[in-house]
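After this come two complexes, each holding chain A, first together with chain B and then together with chain C.
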Partner chain A sequence: MRRLRSAVAVGAVVTLGAAACGAPKPSNSGNGSGSGSSISVQANAIDPAAKGPAPAVPGARKGGEVTVYATSPPSTFDPTDIYFTDSNEIGKLLFRTPTTFALRNGKPTLVPDLTDVGEVSDDKLTWTFTMKKGIRYENGDEVKVEDLEYAILRSFARDVYPNGPAYQNTYFKGGKKYKGPYKDKDADFKGVTTSGDDKLIIKLAQPFSDLPFYMSFPMFTPIPQGKDTKQEYKNKPLATGPYRFDKYTPGTELKLARNDKWDANSDAVRHDYPDAWTFKWGQDHIKTQQQVLNSNGPDANAIDYNGVDASLLGEVTGAKSSQLLKGESPCTSGIQLDSRKIPLEVRKAIAKAYPYDQIWKAAGTTELSAEPASTVLPPSVPGHKKYTPVEDLDGQGTGDPEGAKKLLEAAGKLNFELSWYYDNTQPVPQQVSQVRADALKKAGFAVKPLGVASAKLREKKSDYDASVNMGQSPAGWCSDWPTGGSWFPVLFRSQSIEEGTTWGMLSDSVLDAKINEINELPAEQATAKWADLDREIMEKYVFLPSTYSKMADVVGTNVGGAEGDPTMGLPFLPNVYLKS
Partner chain B sequence: MDSAAIDGQRVRPVTVKANSKSPTRIALTRIRQDRVAMVCFGVFAFFLLVAVFAPALVALEGQDPFTQNQDLIDRNGQPIIGMTGDHWFGVEPRLGRDLFARWAYGARPSLMIAIIATLTTTIVGVTVGMIAGFARGWVDSAISWVIDLVLSLPYLLFAMAIPAVIMAAMGLSDDAPPEVVADVRFWSLIAALTVFGWAGLARLIRGEVLSLREREFVAAARVLGVPTHRVLRKELLPNLVAPIVISMSMSLPGYIVAEAGLTFLGVGLVEPAPSWGVTIASAVTSYKALPHYLWIPVLSVTVLVLALSLLGDAVRDAFDPKTRR
Partner chain C sequence: MAGYILKRGVSALLVVLVTLLLSFAMFFLAPKDPIGAICGPRCTPERAAEISQSLHLDDPVTLQFAQYVKGIVAGHTITSGGATVDCPAPCLGYSFRLGQPVTKLLMQAMPITVSIVVGAAVVYLTIGILSGILAARRRGTSFDKSIVAGTLGLSSVPYFIVALLVVLYTAGTFLPPSQYSPFLDGPLSWASGLTAAWLTLGVVNAAAYARYSRASMIEALGEDYIRTARAKGISERRVVYRHGLRSALTPVATIFGLDLAGQLTGALFTERIFGLPGLGVVTLEAFKTDDLPVMMGGILLGSVLLVTLNLMVDILYTFLDPRVRLG
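Take a look at the complex of A and B:
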């Protein structure tokens, strides 16, 4: 994801570590990762033959109402604008997309949903997706292939939907100029067309082998032009999935009811076991987690997706461990060094002095919420290889101030000034900044942490022309889909600086060419090459990895079928049922 | 005439004199005889001593409130030690700072803010109240209107706004270092408590002055041509000692609670300043794992406030001529 889910986003961007807790998960032996890491590698599999209905979840029954708690409300439910993982996961109950991920033994597998998984032309620039017939919206209208086309056109109106994913602007033909169907009514946009009543044709400006994965985003769910209410659409989006909006109070509560127009036989992934869902936002997470753990009355049917708080660690690893839902998360966090402003020798010295352990503790990271990172790609992305970490980039240790000082002296850069932004209105980020400042000062750096109020922090951190030279955003990155293609091209090409999503401000045409070359390979061939590139980039010391995040949420005693969704780092909602 | 008889007559007034005490002295005697009041005073003195000698106490323990002992914290942020000889109250989760040192230093802002705010509100309240009551006419109307206005303002909202206003007024941007922010927060807390604390006392004093100014001794002083400021200081003020002392002793615990409460809400003192409110706010989340982390500051605030409130009651009773015990 461009950003971590909103609840974690604050944590990750600000404290460089997600919040939560725990004992190490028993090593998943036999997951084929061979990495020794407790997070397993996702299989990058596509199953083009998957058909509905979805295989039944063992023991599942229909009925009941599930309550879902979270502190931070999703920013939007307009499918075009959804990029955060929370609304994306909830969207899996509401929106059917051209392709989608099924969970098989906990691993995501891309399967056909509204269309097939696509066919690419020989020049790799034209993709054709064939739509299934007989799919209906909640109001009974049939989904037309033009609705799929319109939804894609709509995503180009970035003035109206600024937060959604933006790969289409780079990859689709004419995507850089087209401004969407509202402004460019008569524009001759060639990127998306239809043919017959079931063929969706996408023309690309450059090869994009991961397009079928991208088509699983809510952005690609069909929207009929006649029903598009623009900014209002987020309050009552038209559902194609097993549930529809019943009652929505933005920021507080969302009730979903069964969508009786949804046909289970056409859907290879989703179930509709509960009668209804109620999402409640804005309550203190420790309180709701305690409620869910106690499971009194309706709270037995509840799920909390905030990530377990450290203070409940004893309970969830002890007597109530059956209510702990552990899983994988597609994210890596760390801190970036601006390679335009800090020379390589100094970057090495920073890595040597870096107080990984102290920051881990000060940020409130726990063994349930994360594990130390030493690569760009997290273990859940195929292409992750646990190579011997580059010196001082293993996410562990208390730092070596004397060693770092020697490196600095050798480079003649003693008292090199380092500065970064931090949130000075929250105690934890403030303390983390203090810990970092103390350790770097001890190693002979001059430090200048700049405190900023929470409200201004995102803006300051995304300003790449700011005076600071480390710690700009993004501090954490999550896969948009499980391949290196949603990491390296986004984070390490020269254009990443302009796009506001760089780690280290690298601007190296040789590296750009290398990334482009791998990116154009089919996913299976690219996987191994991404791993080698991972190490090559780490050796540039532009990013100090700190943690791979993990998912750890709590569920009520009556909730069944809950498992982690590794593509989102949240509980996989379509399989959830109530035991009684 | 028998000289002895005259001497004997002269002796009598001396024995009578032993009974003529000022109301303040009577009150003090009464308080001294009140066992509850003396225990409460002892508690207050204890916390005062802890605050004053915090550096010495902490040096005795061999720690300080800012050093992070992260070697005493496990990978999940929990302390691996309880209360030990090195760390009398144990250490904080996540950072491992010494809790006894933070408790001892934490008594300082609570008491300092409460005492300074009590003094400033008393000075402002008494001055304004006396002027309003003595001047009457349009001055009184204007001041009374201001008092009503202040009393009707939403206290919490303003308490939240004042730090930002002060930061802006001092030309400090949002990126000021935490130490400066902590300082500004300290004084803005006092400012907030003062702005909202004086009005009640001013109204009380105004009422007292209104009735006193019609009394004969005031009229006599004015007829003699004593300047107004002298009438206020020498004639009226001594007669206001009782309400002032009572108001002070009642507001002191109120301000301690206000400081801890506002800090807990995030608008008072901020990290890294040691303060009970700051500790309580961060301890709430680890209550299950480390109950003493929360209980020590909470009990300290409770005991101190209870002691000061009871002491305040005793002071009021002692000054009240109607109480007979």
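Take a look at the complex of A and C:
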């Protein structure tokens, strides 16, 4: 799961206050669609022939300093440990990766970056990526294919970098046993090797057709072994992108300056329009958003990526609508039902009684931040199909307690006990839990919400052996890359229970085989099959979808080129410029 | 005099030690999950064990306390994710979340807070004391009444509202935008970036100081020794500023010492609203993220500042009021 910005992420995505933007235009005028507009459906796209320099953003000019506000600081800038969307998006200014996403008419297209998009062997178990020459780090050293190999090996040191993505452990040959270059110095690890001075060879334990997409993660940015300061690396990572660390005060401020060793001609996606960037964290989001909307002085050059606060809706949908940056976000949220403990007929009754609308209100969700969900895949992921929702799984309505009670009576399960954990130290989770409890009680369930302190919630919700039978984590999911391959294999295979990433605790060998089969197909063939599987899984009533998240952020009046990055649900920073 | 200072110094040291002990004890009672907060949701048992070991969480409480004190006095070496970090004395621990020694984090934030607080103090002491004394000298006049009414009005508006209004509507327009750049990088840009914060914190606090100074001055000017001084034919200017002011400043100095210490440890509203990442912001973020070492370091530094400033005020007393020195 790609985690949302750290502000919303810990303990899985519960409320999904994120938003993405869908401004197809490079300027901010008339960004995206209206406040209640739907998220558009995307097509899967790879452009293996893309070359630098990136197409100029119309009207863009060089110069000035952009300020970016957010409440929560990114958890890390060590590329190996980056998984949250905020550090990932900022990383696009700093780190080049084997592949990356270009935005074309607001939609992500995978393009080559440090390497080509890879070639796979006939048996689908060996991928070869060819490195471009002449790319340099900020210190002037040339980027070598061995550095890329070392960075990948480094990602296996889960004891040091526990938070980064871990698909390599599952898919790479020997990945389950290899412990990284620090502990297994002499290990004969065959998963990643090099050939000549430009070939990176990845050997797989099982086919992984989405590997080129995965190679766009910051984890795959090269790191020279001699420069690896391990846990300290996050304070001064070596840049290959258009900007480098200038001054970093962990937790509060990061200043980026131009990296004069970056060559625009080799980069198909990034620009370096502003002279510098300043990221400021730790301030109240309503205040910073109001500052950005007022755009006094340097705040005209500012962006706030907290997600617009509901109290500012009047302003951002009225006189200052041109400063609202809207778009898409690759996330779906809802609540999962433990299929091991709740029979299908009871799960259907829960869906019938479920108070979607009341929970929407209690959680403070707005049309700017989300829209009702009825599928596993959100619309921003290619393969999403808006089929007629499975009965009572349309993410809307106030619930039908009488109908639910009839279902329970028919199943002989009246007074079936439902229990879940909730944070009893925060007002919103308390309200949501109360609304849910009231509705389910009215429908003939016995309810047992278990309040726990924030500090213990993560542990409780991650415990699949706990006594509760609904609402365990994850409560939401975001694409790691825009295909179903970062959803279904992770959420619905039997092994997902062991990996702590299941929706519904399904343990079905037939379903496992079906998911594996689709996962081995090339992305363009798999897309339609994921959509069919989506409905099949929804019919199992193991997950009640509530919302697809959307992006809605504010930008200063002098900020140009701002559009949403649908892969992150945040403003796409590489295209940003200052108008004057 | 030396005995008095020594006595106050020992007392201050004891306060710091008690604070250190209490802040340490607090974390064993509070429902915190420092390892989870540091290591993240995908923390491996190995990493959790390493952090636990580095924080000495598995050791007996007394040993943990001893290790912490040893770090402050002699420094120590910390292992973090395969890297060895040297933490020289005074080592207040290591923030695994931010990947920095706590002392370094606090020392980065300290100049920001000191700059805000000292600059604001100049503003509120100058405006507050001057207007208070003038009001006292012209007691009952329209000037005095307007000062009293003005200070009451200003004090009745919550500080954070004034600060928010300044940030939202004046910073970047009438006042320079708020930001911090080190004094040595350019005094002008240092002063320019802090002007809004200085004026806001300064003017709001000046209201209180005007009232203190006025009341204290009125009381001093009514004392017998002032009447005696006047009877001796000393000029009114000398009576007021040499005899009256010195006495009137004693209670103001007490309040100033406490205010300054409070602001140094918690100019939180100012720092957060003006976007200046000083000690208050760093400590608050540590509380939000369960960053145990930074929390403890922040509390300890706060207590040291508090007792040091109190000690300085006590010493200042000996110059302002001879009775303290003689007693």
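One rule holds in what follows: the second predicted complex is superposed on the first by the 550 of 580 C-alpha atoms of A that agree within 3 Å, B and C clash if a C-alpha of one lies under 4 Å from a C-alpha of the other, contacts with A are read in each partner's own complex, and residues count from 1 in each chain.
By definition in this document, a contact is a pair of C-beta atoms (placed from the backbone, for glycine too) under 8 Å apart; a residue touches a chain by one contact, two chains touch by 3 or more.
The shown structure was predicted, so the numbers you read here are calculated from the model rather than taken from an experiment.
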item	value
Clash-or-fit label for the pair chain B, chain C on chain A	fit
Contacts of A:D299 with chain B and chain C, given as first, second, both or neither	second
Partner chain(s) touched by A:P73 [first = chain B, second = chain C, both, neither]	second
Touched partner set for A:G251, first chain B, second chain C, both or neither	second
Chain B versus chain C as contact partner of A:T130, first or second or both or neither	neither
Contacts of A:Q430 with chain B and chain C, given as first, second, both or neither	first
Chain B versus chain C as contact partner of A:N516, first or second or both or neither	neither
Contacts of A:K280 with chain B and chain C, given as first, second, both or neither	second
Touching partner for A:K361 - first (chain B), second (chain C), both, neither	first
Which superposed partner A:S507 touches (first chain B, second chain C, both, neither)	neither
After the two structures are overlaid on chain A, angle v-u-w for chain B, chain A, chain C in degrees (C-alpha centres, nearest 10)	40
Lowest inter-chain C-alpha distance for chain C and chain B in the superposed arrangement, angstrom	7
Chain A positions touched by chain B in one structure and by chain C in the second	453, 456
Chain C - residues contacting chain A, complex	31-33, 36-37, 39-44, 46-47, 50, 80-83, 85, 95, 97-100, 105, 108-109, 164, 167-173, 176-177, 272-273, 275, 277, 281-282, 284-285, 290
Chain A-touching residues of chain B, taken from the complex the two chains share	68, 70, 73, 75-78, 93-96, 174-178, 181, 266, 270-272, 278, 282, 285-289
Parts of chain A lying in touch with chain B, wherever the complex brings them together	21-23, 286, 309-315, 357-358, 360-368, 398, 421, 424-425, 427-428, 430-431, 434-435, 449-453, 456
Residues of chain A that touch chain C when the two form their complex	10-12, 73, 75-76, 157-163, 166, 182, 229-232, 234-235, 249-253, 280, 282-284, 287-288, 290-291, 294, 296-299, 453, 455-456, 458-459, 462
